[in-house]
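In structure tokens below, several structures.
Both of the next two complexes hold chain A, though its partner changes from chain B to chain C.
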Partner chain A sequence: MRQKTIFPYLLILPALLIICLVSLYPALYSIFLSLNTFRRGERVFVGMRNFEQILASTNFWDSLRLTAVYGVLFVLLTMIFAFILAVMLNRRLNYTGLFMTMIFVPWILSEVVTGVIFRWLFLPGYGLLQDLLSPLFGDIAFLGHPQGAMGVVIGATIWRTLAFAMLLILAGLQTIPGEVYEAGAIDGANGWQSFWSITWPLVRPTTLVIVLLLTLQAINATGLFLSITNGGPGRATEVLSVSMYREAIVFFNFGYGAALAVLMLLINIVLAAIYIRTMRSEVVA
Partner chain B sequence: MKTVRFAMWASLSLLLTLLLAACTAAPVAPGSSAAQPAASSNEIVVWSRYDLDDPNDSNGAVLKEFITNLEATEGVKVKHEQVAWDQLSTKLALAVQSGGDVPDLVETGSQHVPALLDAGALSPLSEWLKDEAWAEDLTDGDKKACVLEGERYCVANNVRGGMTYYKAELFPDGFPTGPAEAQAACERLKADGLYLNTFFAGRSYGAIEINWWPLIKSNGGSIFDAEGKPAWASEQVAEVAKWAQGMFQNGCFPQVALTGDFADSQIVWTDGQSAAFGGGSWSPNFVEGLLDQVNSGQVAMQGGLPFNGTPHVFMVSEGWVVPTGAKNPQGAVAFLRSFMQPEFLAKWAEAQFGIPTTKAAYAMGKFEGSPFYENVDAILSEQGAYMEPSPYYVESLDILATTWQELMLNPDRDPLPALQQAADEVLGRYWQ
Partner chain C sequence: MATLIQGRPIATKRASMFSRQKRFDTFLIIVLAVISLIVIFPVVYAIFTSFRPRGFGLSRDLFAGGFYLGHYEQLFSTIRFVRQIFNSLVMSLGGAIVTTVVAAMAGYSFARFSFRGRTLLLALFLGVLMLPGLTNLIPLYKIASDLQLRDTYAIMIIVYAAYGVPFGTWVMMGFFKSIPVALEEAAEVDGATPFQAFWRVVLPISAPGLIAVFITNFVYNWNDFLTALVMLSSTAMKTAMVGLFDFQNQLTGNNNELLIAACVLIMLPGIILFVLFRNAFLRGMLEGALKG
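Entry: the complex of A and B
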């Protein structure tokens, strides 16, 4: 009887070891590193000094603001476009398979490849989209303009992530029974009323999941920023993750970089807690 | 019950994590006996920036051939690891500081030697090389870069530097010889739809080294003081920044110089949209046909722009260092002995488009009689200068490059306060 109880736990032990090795240990070691600094070949315990330096630095607050702007715009625009696409594809139009393939191609490209493509599309003097779109925005060079560069990165991220969000929303839409819409039609509901009173309430739990996943992705996004702008021009796209990369990987300032990582972890935890609370109130409702 | 079960799993996870952490090797302080074991293997571990398996990497091909011959003739095994060029020095410093495995030889530029020395990452070489015949033939291009306070810390194999290449027919009176002449030339060229010059001016320390520091030095300014602290918050540096802001605003330099990488800024030259191109003596490695254009006289070469004084160009001696804690320093010396033989050194310097650091190699190669190398030699001899050192060289210049890029993209911004802010950031982060 005891063996029967222990055996399942033994089966999941390898997975638990891997989780400890690749997730828990690096996280705990990062917290340890954040309390130290490395100078002249020696590790020096500095306590909270890295955190004090970060919180006193205007660059950190600028990066936090940029991360927030990027996150809000990316999540909002992705959800809007994904919803529109999902609703259209849910109607089982002709060539749905072809449209799905076209929408999914960006998703299978790596971040670096996507970044290089977009950098070339907006290269001043050479980029196709640079030439087409700059007259609409006062002939600016997008990658040389603070808001333009952020716009390019947001656009690249949406282009790449749209398929993922659309697919999840589509799956949510397809769980809604057709009879509910029929009942609504009998009661005289028009298109907008059907969407607001039937579709949206039933797909909201799925939407919340997607919003959380996209928000976490936005906070930790690094690849597209590095491959398109490398945090520039100046510091216009140096979001928190790029700042952390620069400190830890470029400057090998591991203590400072680890402290930034710990702060990002705290932000992720707060957002996840807000989501869990919101989900719980949805379930109760 | 749920709480007990959760606590049990959390405790088990934590225990496993602590066990894993205990399995990590304890760091060893550099300089301790445990960090410098006696040479016991026939393997030489080498770090360089080259990809030995890339057929398009001509330098990698030369190095690969050398390693193959060395292994055959000396009976050693060379383990080569490619490291990005802008990470070689910082990765080396980290490897030594963390007490992990360090290589036996690392390729580095002379600008990184003081910082590596300050980090305790370099082995002194004078004693190991005192009986090497080739060391007697080393030129000033090596000694100035590698011998610090009477002790040798690196072996330079070739000297290179920043250069400006310009289309001779577009500058019948020669390249501009001052900031005002540059502005006048810009106006003339703009009428034909050409930029005056294109170069890499992104947020990387290389942009400061190659393009801006020579102008700053010519104007009497400096980047670092004698201790290596930021000295760029000065009127002389701000004057150069103000001029550069005006040149970008006036369309004399392309925007892509600020927003692209090294390759992007070169495209403006290869596409014929720029009358000049700011690169280095290494540029023929990356710009196809450039060497032939120089040798035929179609393209002329120039050093630095004399801003308000003597022109300067950024000069770098590329070479090898033996890290502290190298397991096979004798193997490293054997590697250097073969590498620095005149026949190979001449071949290597030619592949690098640099000047070799021994007289015998210079006599053996294609350096004499070649317009390109004669230009390089003359420019480096007259204008070449080594960058001021700093123990936080890469970090400081990266912060300055970011600020400089912001200034160029915002031409109405006053340079001096921005430069002061960047200096304060470096001082606050690394000097307190």
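Entry: the complex of A and C
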């Protein structure tokens, strides 16, 4: 650390300005917006009425339920697949680098590109995966079926996120020194036993962190829904974020949309706080 | 190991364990290869489809219609498409440049100086890192409309820059901490000001960190969909992602092969940069998730 002058503040100033302008001020402004309503461009202060309306509307509870279903299935399945992949890749066999690159390609694609590809694969009546998979699911047209459409979005999300989760688990696995396993093997532990009594306890903290990160991602997921289903069929995939986008940007209900945003922000802050606490207590310690 | 396997009849128990291990590893490699192929299949299928003539994309006869370049020719001669690619480039590059410069300065300050309010400011940066961009879209839309800044390069560059700053600062701080202070001290003994020490001595040897921040932010901006969807409404100012989204919605199963060709062109820069700078991406991801 070096001497105190005005120099360190000058260095931070541009970053601070940009953050305040684009991140902090809008966050506060959304609280202000949520207490107002806009009729033909006129702002009217309505206090908590937007929030009362939200909590009284069935759409909100439906969206919340859909977000929860999406989040739980996405996080659970991603973690299972990512864990299996990470354990296999951690053996550092030949071609691991090549496999990693291939698995990472979906992660680098944008949501719209993913959406175009998945709509093509599940094109009703013709798409490749539509034809391959529909016999297993009672011959439904996936994108025209409420649970089917949700299933496609969950599948696409897992496809894009798998590599990210896998990399973090892999990083956790690689912190375990090989001697621990050798000691286990001398004591006669088989593969399964060494996984449950050595690997799992040691990577559990990392796993918790990844679950929280994925949950945060799930709550804010919007792009894939817009590009694959646009909330449909009907409202069958209208999760919280899509509903917020529709209310505010499509129907110009700024107050109502901002109130939804504030509620989502609160959920995010609670989860982020849990995440930071977990990081401090589990990973650093 | 091969000789051990050949000598099976007289091999010890240990040797047979090795060969079992080896067979298991081969089995694992095959499983991994199959999984990797399944994961990458949709992308390969999309590239394949983009070279098939209109109406042939769904044909189960893989080579019906032959190798067709017409979609790409059509895209490159569509002014709207080229313009939107250009818009994406300007906004993504602009945002990434501003992020890298601003984050390098802030990261250096946090890494090297102790000053009043440092902890508080650092906490603020990390707090903003956890803010979801999504919930800020409505106020940003409202502010930009009120200031008549929608559909401008400037607003998009500033917003993209802001998205990248907290994370970029964090990565650069870690990077600067790994550089010995002695370098700057030596420069200052030679009469350099703190700014000159930073600009002339530290920055040039920080290229790997700067490149990592720049590339990841560029790809992130290039892939952005929601912010551009909300902030841009005129066809001439839209980014390629929003253009692709519009294109997908206008087209009702009409020329899917053309749509997929556009999709392939748009995903190409990200994939190329990823293959070239794989380690920069992976390191950035780990830093952000496990040390943030």
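To be clear about the criterion, the second predicted complex is superposed on the first by the 264 of 285 C-alpha atoms of A that agree within 3 Å, B and C clash if a C-alpha of one lies under 4 Å from a C-alpha of the other, contacts with A are read in each partner's own complex, and residues count from 1 in each chain.
What we mean here is this: a contact is a pair of C-beta atoms (placed from the backbone, for glycine too) under 8 Å apart; a residue touches a chain by one contact, two chains touch by 3 or more.
Everything quoted here is computed from the prediction, not taken from an experiment.
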Classify the contacts of A:192 with the two partner chains as first (chain B alone), second (chain C alone), both, or neither. neither
Does chain B (first) or chain C (second) touch A:21, or do both, or does neither? both
Applying the document's definition of touch, where does A:43 land relative to chain B and chain C: first, second, both, or neither? first
If you stack the two complexes on chain A, which partner ends up touching A:123: first (chain B), second (chain C), both, or neither? both
Quick check on the superposed pair: does A:29 touch chain B, chain C, both, or neither? Answer first, second, both or neither. both
Using the touch definition from the top, say if A:251 reaches chain B (first), chain C (second), both or neither. first
Per-residue contact with chain A, leading partner among chain C and chain B: C
Overlap of the chain B and chain C footprints on chain A, residue-wise? 16, 19, 21, 24-25, 29, 123, 126, 230
Mind pulling up the chain A residues that touch chain B in the complex? 16-17, 19-21, 24-25, 28-29, 38, 40-43, 53, 57, 59, 123-126, 141, 143-146, 149, 229-235, 246, 250-253, 256
Taking the touch rule as given, give the residues of chain B at its contact with chain A in the complex, in rising order. 12-14, 16-17, 20-21, 27, 29-30, 87, 90-91, 93-94, 96-97, 118-121, 202-203, 254-256, 258-260, 264, 267-268, 273, 394-395, 398, 402-403, 405-406, 409-410, 425, 428-429
In the complex, chain A residues that touch chain C: 1-2, 4-5, 7-9, 11-12, 14-16, 18-19, 21-27, 29-30, 33, 85, 88-89, 91, 93-96, 98-99, 101-106, 108-113, 115-121, 123, 126-128, 159, 162, 164, 167-168, 171, 206, 209-210, 213, 216, 219-220, 222-223, 226-227, 230, 241, 244-245, 248-249, 254, 257-258, 261-262, 264-265, 268-269, 272, 275-276, 279, 283
Which bits of chain C are touching chain A when the two form their complex? 25, 28-29, 31-33, 35-37, 39-40, 42-43, 45-46, 49, 57-58, 98, 101-103, 105-106, 108-110, 112-116, 118, 121, 124-126, 128, 130-143, 158-159, 161-163, 165-166, 169, 181, 184, 194-195, 198, 219, 222-226, 229-230, 241-242, 244-245, 248-249, 253, 256, 259-260, 263, 266-267, 270-271, 274-275, 278, 281-282, 285-286, 289-290, 292
